[in-house]
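Same chain, two partners: chain A is paired with chain B first, then with chain C.
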Partner chain A sequence: MLEIKDLHVKIEDKEILKGVTLTINPGEVHSIMGPNGSGKSTLSQVLAGRESYKVTSGSITFKGKNLLELAPEQRACEGIFMAFQYPVEIPGVANTYLLREALNSRRKYQGLEPLKHVEFIKTVKEKMKNLKIDESMLNRSVNEGFSGGEKKRNEIFQMQVLEPELCILDETDSGLDIDALQVVADGINSMRNSKRSFIIITHYQRLLNYVVPDYVHVLIDGKIEKSGNKELALELEEKGYAGIGEQLQTAS
Partner chain B sequence: MSVDIEQLAEQEYKYGFVTDIEQDIAPKGLNEDVIRMISEKKNDPQWLLDWRLKAYNHWLTMDVPKWPNITYPEIDFNDISYYAAPKIKEKPKSLDDIDPELKETYDKLGIPLEEQKVLAGVAVDIVFDSVSLITTFKEKLAEIGIIFCSISEAVQEHPDLVRKYMGYVVPTHDNFYAALNSAVFTDGSFVYIPKGVRCPMELSTYFRINAENTGQFERTLIIAEQGSYVSYLEGCTAPKRDENQLHAAVVELIAYDDATIKYSTIQNWYPGDKDGKGGIYNFVTKRGRCIGKRSRISWTQVETGSAITWKYPSCILEGDNSIGEFYSVALTNNHQQADTGTKMIHIGKNTTSTIITKGISAGFGQNTYRGLVQIGKNAENSRNYSQCDSMLIGDKCGAHTFPYIEVNNSTAQMEHEASTSKIGEDQIFYCQQRGLSAEDAVSLIVNGFCKDVFKELPFEFAVEAERLLSVSLEGSVG
Partner chain C sequence: MQIILKDNVDSYLEGYKQFKKLGNINSTELINSTKEDAIDNFVKLGFPTIKDEDWRFTNILPIVKSKFNLQSEKPVDIGKIDLNKYIIPELNSHLMVFVDGIFSKELSNIKTTDSNVKIKPISESLSDDSNVIDQYIFKCADIETEAFTALNTAYFFDGAFVYVPKNTVLEEAVHILYISSNSNSCMYSPRNLIVVEDSSEAKVIEHHVSLEDSNYFSNTVSEVMIGENSTLDHYFIEQESKKAFSISTLEIKQGRNSNLNSHSILLGGLIVRNNIHPVLSGEGCNSTINGLYMPAGRQHMDNFMKIEHVSPHCDSRQLYNGILADKSRGVFHGRIIVHKDAQKTDAKQTNRNLLLSDSAKIDTKPQLEIYADDVKCTHGATIGQLDKDSLFYLRSRGVEQPLAKAILLRAFASQSIETIRDLPIRNYVEKLVNNWFIEIGMIEDFN
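Let's look at the complex of A and B:
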């Protein structure tokens, strides 16, 4: 579904990604871990299409299309969803309003009729219940006055309503208490199927106990230095990134 | 007139066309002869001619006010023609009599003249340059005692009322542009709602400037007798021209005991091109007197056009328990400037005023809010709530706020809130990542910002206002 080949990305004049290569097939859950500054967020922003991040070389193909040629809203309509690390507040714009506009944008792109209000509300209320989000949230402005945990759950809620094909979760677990973590994990797991893929960007093993990845990649200083399965994450917990670094040095 | 292909392609101001019709245009210049000519064309009675001349002579002694936060080249008042009207032999009795060119104009503008096509339940007075062409539903309204006609007609048919009330709220000496308007005003709307009558339909006037090198000076007068209700809306557009044109209007509202006047404006005069060339100068005096106890006057405005907008729709709260309200969205994009706000003058007891303003600046726009809340010494227990919010789009525009508060009675309660926000790139990107284009995102965010004001507009016009705001903001992102 997603093919990243030798991707180099810079912001302002600094090169952050120095040759990332990654392939993600439908139905797979990949976790990307790495120390601060390694480029994890950069990768997610570039996939979403943030203009300030410049791709200097390499390619990204999504469902056979050249992703770099698509505007952020087109990438979204093609099926890419990003759960932001720091979801922004948009005062005056009701949550439901933004979500319905988003859903209908997607449907329009796919040549479908916009969803009727009644059906939309029904779908939405059901998913809110599962994520333990209070109904009052429907009319509040996007993320306005939300706690950190509420913002993260709102991201997952939107993801559930929009039903994307590639879900990029940028440090969704940061700032969540144990209960919230369980709820969010359940939300993510309920969406796993053979057609949908996930990229889970995280520092910690914690979330991966609940959302078990198929592959784990370690991003250090702009490159994927090591890949493995879920065991790799446990190894990281034990040895830290420095430990992996040593291993690589010994190997070479 | 050369046509800018790029502008056509971008469709920024779709009302910029000119109607090709024979017009009767007075030669440029302002002097007593011109005023007499206008008076004659209008068939004014002697008292009105005298009134005009008195205003003119006073205007000659006044200086152009220089205190607003706007810059513009000096206006040469002799370089303007003060009268322009489509050449018509007699006033049309029915729509069939109206020149097809004019009918087409209004179709293009989306203002249906045929009563069947009219927005359900809206009566319209059509003012083209200096004349009112037709007023729909006039007879139907007359059946319940409501007078809705052009001011020119009111002068002929209801002179006593006009004589009593014109200048009642905005005296000719009030300010420079009011004096000018009093001398040369040509048309506008007159509304009279008798005691206890609730006007069953929205009344509206649609102003269109067409002729070149002219100014438009309209005068509107609305009187609501005891216990009556009326909701009135004015809309306006003008063709794209390289020269600036002056629009100096005066609107007076009078509300008696338990009466309510809701006055809404959707102002979409040509704003000038993206380099700031051309555009209408919109210098207006609007004021309402809440004479009666428990009377209420509510101003709602959406100002998206004009090169310069300069107006302070105000309320004089004389009657005890009277209410004044001002809801405004003012947009300045490209090189537009606005210095607008309101004055709430509390005189009676237990009076309340509410001010909610939203200023949006984009491009190189400069947007100033100027407001006065004045509590008189006998205004026991008065209350004011003010909320002035500014939104900046991009980093080359400006927003300024000048609130004035004068309190002469210690029982007054005042609340003032203000905020300034910027549409951040983060917010736009968030919406894009959810599938919205950058322009849809800005539109969404701006409409959310203006929600509190839009909900005060009559429903049909709220939709129009949202759309207008989106169109006016085109090109402000990226």
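Let's look at the complex of A and C:
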């Protein structure tokens, strides 16, 4: 579904990603871990289409299309969803309004009719219940006055409503207490199927106990230095990133 | 007979003499003598120039250099005017319609009220209610130092008189609609007098619109007196021709413990100057002055807000938001004067501007003059563009860029609009603002 080949990305004049190669097939859950500053967020921002990040070489193909030629809104309509690490507050724009606009944009792109208001509200309320989000949130402005945990749950909620094909979760677990983590994990797991893929960017191994990945990649200093299965995550927990660094040193 | 005003003050003096001869006004002694003083003052003062501190950012030479008629050459066919665009849906109101400055009984709809409430054209009241009028008229307006006020005072012949006696809550809003129909350049001088006596409440909308895209000069003065313990919600909705010159002055005197909620929405006009001057005379007043201005093309919108805290324990809040597109120009003068005895004043002023292009320009000038020593006064101004993170967030959810921008701009405008207490009025203003985005070609529609 997603093919990243030798991707080099810089912001301002600094190169952050120094040759990332990654392939993600439908139905797979990939976790990307790494120390601070390794380029994890950069990777997710580039996939979502943030213009301040410049791709200097390499390619990204999504469902056979050149992703780098698509605007952020087109990528969303193609089925990419990003759960932001720091979701922004947008006073004056209601949660329901944004969600309905987003859903209908995607439907329009796919040649479908916009969803009727009644159906939309029904779908939405159901999903909110599962994520333990209060109904009053619908009329509030996007993320306004939300705690960190509420913002993260709102991202997962949007993800559930929009039913994307590729979900990129950028440190969704950071800052969550164990209860919130459970709710978020359940939300993610309920969406796993053979057609949908996930990229879970995380600093901590904790989430991966609940959302078990198929593959784990370690990003250090802009490159994927090691890949493995879920055991790799446990190894990282024990030895830390420095431990992996040592291994690579001795190997070379 | 056509009276033509040309580009010098003597022409205006001459015009006044001819205008007087027409005998348009049933006047009292007070009115007559004040008009004479007014025209004399206008000649002495002359039109303001950019050398005047208060007019530094607004060059009205185009107004000065233009020729204006005092009366429309072609009287408009009242029957052909469609009011639907201007009626506010679901609003329970009295409608007073003026076409080219003349009160139209046919188009108006003033319902029956408590007989002591007066909602009538000022031209009628000058004879019928002269004792009440004389008590209140000219008490707020400044014809000594304000040229446009002096000019209006000399030339006015009609406008709205809204009088709410003591202990009366006027449930219905008073919607005063000024329609310029005309196809040739006229000077209009609408004059309003709004009196809300003690322990009373009212809602008044001053709404200025044009049927055509023509050039004319509208110079409005509204005097407002709010009695003790009373509340007035005042709206100024300006949707005039984009070739028109629109000068408006709102002079307000607030009594003890009174409340003023003022909202100005500037959308039309070529050169627009909106003066708002609340004087908080009595103790314990609240004054909320909100303004929204959205110039596009080459429009110029100048908001001159001067609030005077005269007595102690008054609170005032001013929130002015501007969205400036294309090569437009906006101005915000925010003057707060706290007089010596106005201890425990709590005044807050905020001016926020979003510039949509490199050629848009805003001049923002907060001015605090504080003569008391136990007060709280803050002011802040921001000038910026749309928040990039918010824009990206919307796009990442599939919203196309132009619509994403419009959504964020509308959210910004709604900071002003959401403070409108009356729901039908708020909805109407929201609709006008939504249309703005469509008119300037940013989007085809909000969904």
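Just so it is clear, the second predicted complex is superposed on the first by the 252 of 252 C-alpha atoms of A that agree within 3 Å, B and C clash if a C-alpha of one lies under 4 Å from a C-alpha of the other, contacts with A are read in each partner's own complex, and residues count from 1 in each chain.
Methods note: contacts are C-beta pairs under 8 Å (C-beta built on N, C-alpha and C of every residue); 3 or more make two chains touch, one makes a residue touch a chain.
It should be emphasised that the depicted structure is a prediction, and the values quoted were computed from it without experimental measurement.
Chemist: Taking chain A as the common reference for superposition, should the pair chain B and chain C be classed as clashing or as fitting?
Modeler: Clash - chain B and chain C, as placed by superposing on chain A, overlap.
Chemist: With the two complexes superposed on chain A, say which partner A:E101 touches: chain B (first), chain C (second), both, or neither.
Modeler: Once the two structures are laid over each other on A, A:E101 reaches both partners.
Chemist: Just to be sure I read the superposition right, which of the two partners does A:S174 touch: chain B = first, chain C = second, or both, or neither?
Modeler: Touch partners of A:S174: none, neither chain B nor chain C.
Chemist: Is A:T61 touching the first partner chain B, the second partner chain C, both, or neither of them?
Modeler: Once the two structures are laid over each other on A, A:T61 reaches no partner at all.
Chemist: Check whether A:I90 is in contact with chain B, with chain C, with both or with neither, and answer first, second, both or neither.
Modeler: In the superposed model, A:I90 contacts both chain B and chain C.
Chemist: Just checking: does A:T123 make contact with chain B only, chain C only, both, or neither of them? Give me first, second, both or neither.
Modeler: Neither chain B nor chain C is touched by A:T123.
Chemist: Both chain B and chain C contact which residues of chain A?
Modeler: 48-50, 71-73, 75-77, 81-82, 84, 87-88, 90-93, 97-99, 101-102, 105-106, 109, 141-142, 158, 162
Chemist: Under the stated contact criterion, what part of chain B meets chain A in this complex?
Modeler: 421, 424, 426-427, 429-438, 440, 444-445, 447-449, 451
Chemist: Show me the residue ranges of chain A that touch chain B in the complex, using the header's touch definition.
Modeler: Touch list, chain A to chain B: 48-50, 71-73, 75-77, 81-82, 84, 87-94, 97-99, 101-103, 105-106, 109, 141-142, 158, 162.
Chemist: Which of the residues in chain C come into contact with chain A in the complex?
Modeler: It comes out as residues 387, 389-390, 392-401, 403-404, 407-408, 410-412, 414-415, 418, 447.
Chemist: Quick check: in the complex, which residue numbers of chain A touch chain C?
Modeler: For this pair, the touching residues of chain A are 48-50, 71-73, 75-77, 81-82, 84, 87-88, 90-93, 97-102, 104-106, 109, 114, 141-142, 158, 162.
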